[in-house]
Amino acid sequence: MSIGALELDLEVFTGPFDLLLTLVLREEVDLLELQLAEVVLAYLDHLEQRGELDLETATEFIVLIAALLELKSRLMLMGEEEQELDIEPEQAAEELLARMLDARRYRSAAAHLGELLARERGVRFREAPLPAKLRRTIVAPAEGSYDAQALGEAMGRLLLMPPQIDLRHVAVPRVAVSERLALLRGLLRRGAFSFEEAVRGADRMTVAVTLFALLELYKRGEADWQQGESFGEIAVHSPQAAMPAGAATLASAGGLAG
Amino acid sequence: MSDAQGPDDAPRLARTIESLLFLSTDPLSTAELAEATQAGEGAVATALALLSERHAPGRSGIALRELGGGWTLASDPDSEDAARRLFSRPRVSTLTPAQAETLAIVAYLQPVSRPEITRIRGVSADSAVATLLDRGLIEEAGHSQFGAVVYRTTTQFLKLFGLRTLDELPDVARWDPTPEEQAELRDRLLKAGEARAS
Amino acid sequence: MSDAQGPDDAPRLARTIESLLFLSTDPLSTAELAEATQAGEGAVATALALLSERHAPGRSGIALRELGGGWTLASDPDSEDAARRLFSRPRVSTLTPAQAETLAIVAYLQPVSRPEITRIRGVSADSAVATLLDRGLIEEAGHSQFGAVVYRTTTQFLKLFGLRTLDELPDVARWDPTPEEQAELRDRLLKAGEARAS
């Protein structure tokens, strides 16, 4: 099954996954209102029903959901932290558009190739070696018929060092979750702390991984947190510590969890 | 054999060409056939027309096809059930979506390197590329300026997909959204960006 | 397909059998044909008689032959001259980029092992090595200290490239993209290959 056919029954959308993608791209479904976690859960349900993991489909799903997450997080930044963005919005928009079009193009072209192949179903070709009598007549090339320059040129190509590949746009996992877990546990032992403290001066990647580590601690029951208002300070404390009424926990990390 | 002259020459040339097509694994162009038979290209074209009549569907179990830049003989699809019973090896098993996408990218952008394929697909194409190489659908075609191996499609690809030339592939832009839709999409993406910047 | 019954069934069976004989490299017995077409042996015999008419000498460039207890299709002997012209063309200019690179590596670094060639090229060199061996351009030259087969170029290689000795190989410096690098050729090739593969 292609991941596009995954049936979804979400709060804001019901239908196959690829239709959802189309509608998101056309902004007929507001990505900000879409709970991506629901999509992930639907996929997990689907996996459970099938009882097997199809790696191709899983990869496709992860790529698409990652693209949606990236898009959504960009939408959610809404002007804050502008200086920290590596790319200009115009450039980002163009890049995103180009990538969407490219992906769509070659997915469609692939489907077309599939049709061509299906059309040729049942057509086979003969693959027999030449009869011995004819094979014997194959003439060896004349002496000196190859040019040694070609070998030198090939060496030149092989000696060429590839230029450094620009990896700025790729999220390289330089930060280990375990590292950030250790840091957070260290801070917790000293009492409550703010998330800001934990990530002061860190790059975006580290911030993201730290948040991930925090979610992990929450899951294990080692930490809890409060956030008074959207984009406000996040106060982290161990669960035993007093927790004022009405404190939002997971929900305030809201958008980030999808 | 000399160039077609007598009334008997066209059928005879057709028989010779039928033989050559039977022997050759690769499609043969009109020029190659003309050179081998020492006939003119016009005479070869006439003989091919005769052959194509002789091998019209419903007349022969062997079909004459113009594929992969030349002419080749292929089995009649009607015999596929029997062929499957006789030969354990299936024809070409279908392509996985990853393989089909990788093949599409190579077909349209060739010569194209693996990193480029990966960039477009957003995921590694290594195993798909290996399978396509293995099946003879793509092949290496030297190196890019950055030293990466680049790939192109093969004659085998054209044969199996029933294409005479790569030009028969439809323009990839055919699947693009309309220019209006694209402009609108661009506008919206830009507005989202500007909203952030302001 | 079921056993021959209607008036149309013999020609249809003949077409299917023609397809199977076309596809098969080995002769097929009546029993094998009957099993594959799910027809009776009698019906197969009738169909073969039809086919043998269709492929009678002077009618087709492909002949039906009874050979080794089975049936097979073969090219018409009349086309032999043309076939010889077609297939005996010396194929000179067909070193693919992969083959040229592999051959260059062997020529300049010999003796060199296959894993080393692969490391330098950044991709598997198996099929290129096989072709070069097959064409007599390279040969095995014992084993490396790690047990891998190592290769060297042959006398045939020197002849085909018009070289008296290996010393006449062109100076790599002419094509060296970064002449300031001082390391040995082998080390530099390995370094570049690994950078490409990463």
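Labels for the chains are A, B and C, by order of writing; each one numbers its residues from 1.
What we mean here is this: a contact is a pair of C-beta atoms (placed from the backbone, for glycine too) under 8 Å apart; a residue touches a chain by one contact, two chains touch by 3 or more.
As the structure is a prediction and not an experimental result, all values here were calculated from the model.
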Farthest chain relative to subunit A (centres taken as mean CA coordinates): C
Chain whose Cα centroid lies nearest the overall Cα centroid: B
Centre distance in Å when subunit A and subunit B are each reduced to the mean of their C-alpha atoms: 33
Interchain centroid distance [CA atoms averaged], subunit B/subunit C, Å: 19
Chain centre separation (subunit A, subunit C; CA means) in Å: 41
Residues of subunit C whose C-beta touches two or more other chains: 22-23, 75, 83, 87, 97, 121, 192, 195-196
Where subunit A touches two or more other chains at once, by residue number: 124-128, 130-131, 134, 157, 160-162
Subunit C-touching residues of subunit A, taken from the complex the two chains share: 124-131, 133-135, 137-162
Residues on subunit C engaged by subunit A in the complex (per definition of touch): 22-23, 25, 74-75, 80, 83-84, 87-92, 95, 97, 100-101, 103-105, 107-108, 120-121, 159-163, 168-172, 174-178, 185, 188-189, 191-193, 195-196
Complex interface listing, subunit A residues touching subunit B: 2, 25-27, 56-57, 59-60, 63, 67, 74-75, 77-79, 82, 88-90, 92-94, 96-97, 99-114, 116-128, 130-131, 134, 157, 160-163, 165
Contact set on subunit C toward subunit B in their complex: 1, 12, 14-20, 22-24, 28, 32, 35-38, 54, 58-62, 73, 75-76, 78-79, 81-83, 85-87, 96-98, 121-123, 192, 195-196
